[in-house]
Amino acid sequence: MNKTIPDLATAVSAIGDAAVVMIGGFGGSGAPIELIHALIDRFRATGHPKGLTVVNNNAGNGHIGLAALIEAGMVKKLICSFPRSADPVVFTQAYLAGEIELELVPQGTLAERIRAGGAGIPAFYTPSSFGTDLAVGKPVEVFEGRSYVQERWLKADFALIKADLGDTMGNLTYRAAGRNFNPLMCMAAKVAIVQVSRIVAAGQIDPEAVITPGIFVQGLVEVREPQQEELLNRSGAVYA
Amino acid sequence: MSDKLSNAQIAWRAAQDIEDGAYVNLGIGFPEMVAKFQPPGREAIFHTENGILNFGEAPAAGQEDWDLINAGKKAVTLKPGAAFFHHADSFAMVRGGHLDVAILGAYQVAENGDLANWSTGPKGVPAVGGAMDLVHGAKRVAVITEHVTKDGKPKLLDRCTLPLTGVACVTRVYTSLAVIDIDAGRFVLREKLAAISIEALQALTGAKLHLQGAVTDLIVPEV
Amino acid sequence: MSDKLSNAQIAWRAAQDIEDGAYVNLGIGFPEMVAKFQPPGREAIFHTENGILNFGEAPAAGQEDWDLINAGKKAVTLKPGAAFFHHADSFAMVRGGHLDVAILGAYQVAENGDLANWSTGPKGVPAVGGAMDLVHGAKRVAVITEHVTKDGKPKLLDRCTLPLTGVACVTRVYTSLAVIDIDAGRFVLREKLAAISIEALQALTGAKLHLQGAVTDLIVPEV
Amino acid sequence: MNKTIPDLATAVSAIGDAAVVMIGGFGGSGAPIELIHALIDRFRATGHPKGLTVVNNNAGNGHIGLAALIEAGMVKKLICSFPRSADPVVFTQAYLAGEIELELVPQGTLAERIRAGGAGIPAFYTPSSFGTDLAVGKPVEVFEGRSYVQERWLKADFALIKADLGDTMGNLTYRAAGRNFNPLMCMAAKVAIVQVSRIVAAGQIDPEAVITPGIFVQGLVEVREPQQEELLNRSGAVYA
């Protein structure tokens, strides 16, 4: 078994129009910049994929990564918890112009909905958002005297993931807080595509140290020196 | 060849349908035997619900690590690329549709795919384990079983009489006499031992066997 | 001492109530300042919802690791005994009642403990982040805030007029003028600056301040 | 911060009559034999605790560990998925004599209920057990055309846990499949008491390698050479 994909272009080649795509990362930490840019390259060359629904905690920053994906006009809808950042101009303009749809989800509920999608749990109850505007229209139930909101699972056609080490069977480790949504999104996507800093042979990652077991990963591509969103933005980078 | 397949032969036949690269859960007991008959050139990754992916054979006696066991509480070894995880993650793999195939034993299977394999009725101590989870989520749930009970009664029925493990979950049954698909609420006969007639097989089966395309000979080596 | 506390002084006062060994989440922005005023001899363990326990101060400029950030996306360092985890585990800590205290900012707090701190209304881009999760689960949810808005309107009200973050979740408010508990649907005044009378404080507060036991002076050093 | 407890007797001293106690382990792997035996010692010396509700995957094996706890008459009710083992005589006799109550839960549902207890999720839906005897009396709901059973969280007053390394702040690692229910039970118990093979200083466990973050652990006690249930039973051991 070898889940290695030779290059970034091949890695993102199966993502079709109107796909639901989860993108890992919290702000710039653990964000798969190179995979996102490869997807933008494909769109520029072919006009596809377009009309994407993207799931991410944020809405991109500056003019690279997720912000560049939105700027390219590929995203129809964003499901996120916090569409703000140091420099959220791209999303903000698109949103205020009515060019992109927003589904706002509390951060913990977003994480749990993604996990539920991966774990075969179609719905669960959380206290988060009870009594607020974000609970409007959702079923409410009382358990042990306290009110909870019913939330539904969230699944995706593809996930774009950034990990640290990956073995050929897809077992993954992460770096620091770059872990964030990445392991959950691997679980919730039909096809999880992972960029790793290094691909190693099966057996080179201690079974105790595996964070995402390979069963949740469909393909991985090596990106030796991945870019960091924060540094790109500080240098004023634009992916155009 | 005798008039029916041995357990090992049933397991061998089931193993031939496991694709290269498949993630597989084998039920405790008889189904564990399937791992031995993995066709050459194909690699399956075995999942055990207590928290290991890609475990291998039993260690030599005296070499056991009793924290390294499978769901049947037998000592196992690891293959390269193994991973450990806790029970909630393990059953996320099961329930979340990440396994390609689960192969389970059965007391009874009904033509609509209902499975009974956890309880023989109200007496004694009931125990379910992971059976009710395993029948949901795997992309393909197959059963391996004797075609009839020890006293000759059908195990393939129009409706299970024993307590159910899951509803409409089984899609293929490998028995000591035949290979039968469950398709749109019907048993569809795919393969049978050459030595038994369709009529004789039907007489040992508690629901109608439908024919749909060719019925081929069930040919299994001595194993 | 001026006629009201500075933000740093409000943060200092809130920090005095954090017990030794407490697990604490500080909201993004102003609340992050609380970490600086941890009383000597007490150890708090700070949780950031993006997936770190026991992070420490910002690194020196140029020493940042941009995968090692807090929920405010600022670079942090680790203390001995830190741990990383994914978002579902992180919010299990939040929602599951494992944090001892969460300290958050506020636009408005109501006398029944309702909090509004995520949206100033329908215009602009809405963003909620972890606020709606943090108000549930921590054993104690405290707010630090100016006592009144920039244009002098009360932030402590009988009922919030802005969109709610959570219902009946806040139990203590540290303001630039006072420390107020929320108890049985009422504001109970605990401490106030010596320079302000109860009547003057009441005039700046949009719901009745109840007295229950002594009101002590709110004394905070220059920080 | 130092969560170290000096000895086993102290570690189990706060567990009261009628407490709900989760006990880690799957069969003998990851089973906290020494903590269980310390609890039995206390019962023999003081008559307490009794009337316990115990949550474990199994029902004990032979005459040691959980089986010995049951044999001592301390357990009123067992919540488990598989009350069978190589030698389940103690539970079987108690059950057939009507001396112990049994709540049977599918294994994956048991794990998820415990996680839900730890994660503040009062209820969730699972396909497991739908249409079976174990779903009787539980709410059923249809999502996207498929039927699911509503299950409730499971929480405990105490958890008895076996880990491998623990630092003084309670961060834990496990050994192999000894992980099983242990990390989940740490989350779901008000007080998680952990026996570890070695207590190390804070900072001695790589933050990437921590499986159970210390926030889920209230106390840990060092048991240098922990016993293994399987080996004890093979030697015919009886804790009496």
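Per-chain residue numbering starts at 1, and chain names A, B, C and D are given in the order in which the chains are listed.
The working rule: a residue touches a chain if its C-beta (ideal position, glycine included) is under 8 Å from a C-beta of that chain, and two chains touch if they have at least 3 such contacts.
On a predicted model such as this, the values are computed, not experimentally measured, just so you know.
Asker: Determine the set of chains touching chain B that also touch chain C.
Answerer: Touches both chain B and chain C: A, D.
Asker: With contacts defined as at the top, give the pair, A-B or B-D, that has more of them.
Answerer: Between B-D and A-B, contacts are more numerous in B-D.
Asker: Quick one: report the Å distance separating chain A from chain B, using the average Cα coordinate of each chain.
Answerer: Roughly 36 Å separates the two chain centres.
Asker: Centroid of chain A to centroid of chain C, CA atoms only: how many Å?
Answerer: Each chain's C-alpha centroid was found; their separation is 30 Å.
Asker: If you look at chain A, which of its residues touch at least two other chains?
Answerer: Those would be 112, 115, 119-121, 126-127, 174, 176, 207-208.
Asker: Would you pick out the residues of chain C that each touch at least 2 other chains?
Answerer: 52, 84-85, 88, 91, 94-95, 136-137 - these are the residues of chain C that touch more than one other chain.
Asker: Where do chains touch, given as pairs?
Answerer: A-B, A-C, A-D, B-D, C-D
Asker: Given the complex with chain B, which residues does chain D contribute to the contact?
Answerer: 26-30, 57, 59, 81-86, 88, 91-92, 95-96, 102, 104-112, 114-115, 126-134, 174-184, 211, 228-231
Asker: For chain D, which residues are in contact with chain C within the complex?
Answerer: By the definition above, chain D touches chain C via 1, 115, 117-121, 167-169, 171, 187, 201-203, 205, 207-208, 210, 213-216.
Asker: Looking at the complex, which residues from chain B come into contact with chain D?
Answerer: 48-52, 64-70, 73, 84-88, 90-91, 94-95, 114, 119, 125-133, 136-137, 163-167
Asker: Which of the residues in chain C come into contact with chain D in the complex?
Answerer: So the residues of chain C touching chain D come out as 20-21, 23, 43, 45, 47, 52-54, 78-85, 88-89, 91-99, 136-137.
Asker: Taking the touch rule as given, give the residues of chain A at its contact with chain D in the complex, in rising order.
Answerer: Going by the criterion above, the answer is residues 112, 116, 119-127, 141, 143-144, 146, 148, 152, 173-174, 176, 207-209.
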